[in-house]
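Dropping the structure in here first, questions after.
Naming follows writing order (A, B, C and D), and every chain is counted from residue 1.
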Amino acid sequence: MDFGEVTEAVMYERYITAASTYAHSIDHLFLLIAALVGFWLIVAEVVLFALVFKFREKEGQSTRYITGEEKELHRWITIPHMLVILCDIVIIVPAILVWYNIKQAQPPADRTVRVYAQQWAWSFQEPGPDGKLDTDDDVRTVGELHVTVNTTYHFELMSRDVVHSFAIPSFRLKQDALPGRTITGWFRPNRVGTYDIQCTQMCGLGHALMAGRVIVETQQDHAAWLMRNSNPSLAAQPAAPAPAPESTTMAEVRR
Amino acid sequence: MSEQVQHAGHDHPEPGFFLKYCWSTDHKMIAMQYLFTGMAMAMIGGFLAYVFRMQQGFPNHYVPGFGLVTPGRYNEVVTMHGTIMIFWVAMPVLIAAFGNYLIPLMIGCDDMAFPRINRLSYQIFLLSAIVLLGSFLVKGGAFGGAWTAYPPLSASGAYNLTPIGATLWLLAVALEFVAFLLGGINFTVTVMNSRAPGMKMFDIPILIWMIVLATVIFMASAGPLIAGAVMLLFDQTMATGFYDPVRGGDPLLWQHLFWFFGHPEVYVVLLPAMGIVAEIIAVFARKKLFGYKSMLYSTWGVGILSFVVWAHHQFVAGIDPRMANVFTVTTLLISIPVAELVFLYIATLYGGSIRLDTPMLWALGFLAEFLIGGVTGIFLGSSGTDIYLHDTYFLIAHFHYTFVPIAIISVFAGITFWYPKMFGRMMNETLGKIHFWGTVIPFNVIFIPLFMTGMAGDQRRIYSYAQFAEQSRPALQHLRTTSTIGLLVMLSFQLIFIFNFFWSMRNGKRAEANPWRSTTLEWTVPSPPPHGNFAELPTVYRGPYEYGLPGRADDYWPQNAPN
Amino acid sequence: MSATAKPIANTRSVTGIPTARLITWWVIASEIVIFGGLLAAYLMHRLGHPEWAASASHTNTWAGAFNTFVLLTSSLCAVLAHKAADALDGPRAARLLRLTALGGVIFLTVKGFEWTTDIREGFVISSGGFWSYYYTLAGLHGLHVLAGAVIMLIVASDAAKNRELQRVECIGLYWHFVDIVWIFLFPLLYIAR
Amino acid sequence: MREYKKLAPRQIALWTSFLILFGWGLSGCGLGSTSAAMRGQQLFQNCVPCHQVDGSGNPQVGAPNIAGMKAWYVQAQLQKFRAGTRGMHFSDVEGMRMRPMALSLITDGDVTAVSAYVETLPPVKHAPTLTGDAHAGDNQFHLVCASCHGTNGEGNADVKAPRLAGVDDWYLATQLRKFKAGIRGNNSKDIEGRLMRPMARILTDEDAIRNVMAYLDTLKP
């Protein structure tokens, strides 16, 4: 825990805040890999430059005839090679563990939100005070996702047209949205604040403008926000004449 | 000079200008056509890089020589930069130009096995380049859906808003593939069947091995993508639904087909680059390559493994998350043969007598920079960190730390090394060294800041970060501006190369047949080699890297010298 | 004329396989991956979409079976042509090659009638997943049949004058490949329900 | 005679330092800006992918014909998009496509410049795409719309009512449906939009909309 805080402060927090529970596990994996490959990089570069320096052309220096098949010399390749394999394993195991915890094992959800990607906006459907999706008090927003801190959220990710990617750098969250599919994932924000939502998959003209914000609020703030925005009468009203959001895809417009 | 024998064996009448420069079946002329087309495309690709780096460094300002970079223009420019640099620069220069020039010379025969197929290959390639560049001029502009062209964006004009540009892009890529399939088949057959008498499997120079393996990898991986391109073309023009989920298709299918090609493609261009570097290191260190056979087996290992790692580009693309675990393992496995290769290269230096001429500087520069590209790949190949780093500038920086050494540094190594052979004159060494340092140092200035912005979450293909609060921090903007200035300096220094290249062609010191005192067969013919290459076709007696053999007067022993 | 003066590279044969035959094998290898990619994509989707069987039932199995028979017969002619070429009997090889090409033409004619019927019944390339693959796969194959037949006629006209007899074997190899692709396509597109 | 030339070291040093400075200097060019008059035309490149070079729009992507549209109206709508008072409804697919593009204009000056340029584009008249009873539409129009939008649909800047004559009928119909459904004019800060919503609801069904469109198609822009 202490180790984590120190390293974040020194290495990673400078670049981007960590606002979800799994952000640190990705950061630590990053640092682990950085340490291992950094070591190899430095060793290899130092050896490279040292050899170039030591064996630079000099008066009267003759070269040694080495085929590389000699056992005592090939050892110098084989031993580092074994160490590289060892490092690979040291990286693979935690990499898969981190992946497993984030993408495969989904902790039970406290709340579920629905995320729609379209050219070039994010829209969200959040359950109202009743906590259930697809009821009259659902809150539908564009560009802003309001969530409660320290709550496990599942998201159902959909695309209305092309491939997008739902990314919240501060949460270390990234998941492509595919048209015709619903992809579920999870996050658990643990720091109050406002963070960027990006689209990280080229989605056409306005790709760079497809910004959103996720607003992590305290329990009270979020409840207040929900009350303000989930007016069942308002919610029901546009729902009746407007076509269901799934059907207003651009594909529909095209036809 | 004993090598400068009048070439008597086969009489070829001197052809006219058109036949000589545009309709030639001579492998050397076709290589030059590929080289110059590739260089012209590199300049276009470099200009595009200048345009979008200017927009990144100085957002929303007028870019001199281009104008205002709108979001649509930006997308076009980055898409075309990627496409051109990979398919129209790296492939033609590394494989086609060096392959065409060197294969017949290095294996000791007079031409490719099928010269007319060779000519056709270049003509199709040229056509594809024209189609691609023409797409800038059509209504709606060039394709702007990224070089990976994921459908449904690329499949429908209503989504990408460049209906004609998208089709032309696809057409150009497909034509280019056909060109390289034809060329690659020719290379493989030539090396398999037309080697000089006595040249056994392990007497083939490593560069030729690597070019052939690269073309075999290309042939095996490009097929599915050609099929995929036909399907995408039909989606665009005939309203089929291969990739459209509304019509029962699957957008992931393209991603699989694309990356099944796309990842081996990295090794398709890497291997010839490694080959060039190996040749140069052996010559300038005056050393036999350390473990020629280990090198070959590692190369084969890379080739085979490259077919089972493609899905690491799709960790977060919505594939089954369990697949990511398999592909993490295979991806990290590929570090084993690649590390082996790099270790062997470095070990070759041991006990040598290293002369730091320009080609050697480039070759060593390749090793030093490619190492950085290689190790940063581990971050992206590990599924855990890839969740965060996928499609960020960290990826861009990693990718360029592999591709700039491959497509720029090793090409400069190759050009400076074989220039005397190609044009019969030496390049200017001083200018060459200035160009080297003026390219390699700014190259690091460009991409090290991009590693940092990537770690800070900058996503790629974004013309302006104004919409993202976390990304529009001034500190990050300073990094982007630094990177842009690095690019401007690097591009400026390429003028030195261009000057040196053309100036030396007329004014350089005349080159002997073998200015670098090398052992391989291309140095036994006059510079430049005549039509038909060898006055007397050579016989090979030994492997290609016999340097510093004890007990001989010369420190090198040419492959064709009987004793 | 450079077309007749072959480079020495072309006449060498380090592997023991004639250069012409070697390149034919490589062409076929690269074609296999093209069809392989397309077929793999089709199979994956076919297994994921059981409802495509209904579309598949509209195809004319008898026409497909007849075409299979035609292609197999023409392949036999190609084998005989190769034999004749080995015996240095150019004119006979040419006759057999023309017969092979005729097989290709019959194949394409039947295909044309089949497609006309399909299209008249309203099944076009954009009618749904199965039809997209059906037309693309069969169309790509048809293109290969057409190209093969044209090249075969060119080879035949040379062979009739006892020239370039080594090409008879190469085009025969290619024809067998086209034939084998059809052997895969026929059950997958017509029979599988 | 010497076979090759040599380059003087001084020459080389001079050119090298020039190139470094040249690279730096080029970065300075990025800081220059262009005249305000040209800027509108350049910024219009942002709009071209959907609205076309002549501003005539593209129904395939839901982009209306904006050629010759009054600058004050273009400006007002762009500002609404930028502020998020338009194009922020969950079901407004086209609006959500337009909003980011409006956000690509960073300063108010840019908005003014591009709006002014749009007005200078020569108007384009498209053939009608909807059919309806123009006579019935005439009555409806004068009953409901004319008071603000003018008897000839010429618009009235004083009450911020845009010109309707010459606007593509499919686009107007779509917007009417959006007003009716509350997809447009739902934001409390979109004052004109909120005023328009009850008006749109007077056109009770699709026929009424079509009729008005048919009448508008008869008007000269």
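In this text, a contact is a pair of C-beta atoms (placed from the backbone, for glycine too) under 8 Å apart; a residue touches a chain by one contact, two chains touch by 3 or more.
This structure is a prediction, so every number in the text was calculated from the model and none was measured.
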Quick note, more Cb pairs in contact for A-B or A-D? It is A-B
Subunit A to subunit C, mean C-alpha position gap in Å, rounds to 48
Averaging C-alpha coordinates per chain, one finds the centres of subunit A and subunit B separated by a number of Å equal to 31
Between the Cα centroids of subunit A and subunit D the separation in whole angstrom comes to 35
Expressed in whole Å, how far the mean CA point of subunit C lies from that of subunit D is 54
Touching two or more other chains in subunit D are residues 49-50, 60-61, 100-101, 103-104
Multi-chain contacts in subunit B, i.e. residues touching at least two other chains, fall at 71-72, 158, 161, 250, 464, 467
Contacting chain pairs, sorted by label, are A-B, A-D, B-C, B-D
Within the complex, subunit D is touched by subunit A residues 118-121, 123, 125, 140-143, 160, 205-206, 208-211, 237-238, 241-243, 245, 248-250, 253-254
In the complex, subunit C touches subunit B at residues 2-3, 5, 7-10, 12-15, 17, 19, 22-23, 26-27, 29-38, 40-41, 44-45, 49, 125-126, 128-129, 132-133, 136, 140
Residue positions on subunit A within touch of subunit B in the complex are 12, 15-17, 25-26, 29-30, 33-34, 36-38, 40-41, 44-45, 47-49, 51-52, 55-58, 61-69, 73-74, 76-77, 80-81, 84-85, 88, 91-92, 94-100, 102-104, 119, 161-163, 165, 167, 169-170, 172-181, 183, 194-196, 198-211, 213, 249-251, 253-254
Note: in the complex, subunit B contacts subunit D through residues 54, 57-58, 60-64, 67-68, 70-73, 140-141, 157-158, 161-162, 425, 428, 430-431, 434, 438, 442, 464, 466-467, 481, 484-485, 488-493, 495-496, 507-510
Subunit D contacts subunit A in the complex at 49-50, 60-62, 84, 87-91, 93-94, 96-97, 99-101, 103-104, 177, 180-183, 186
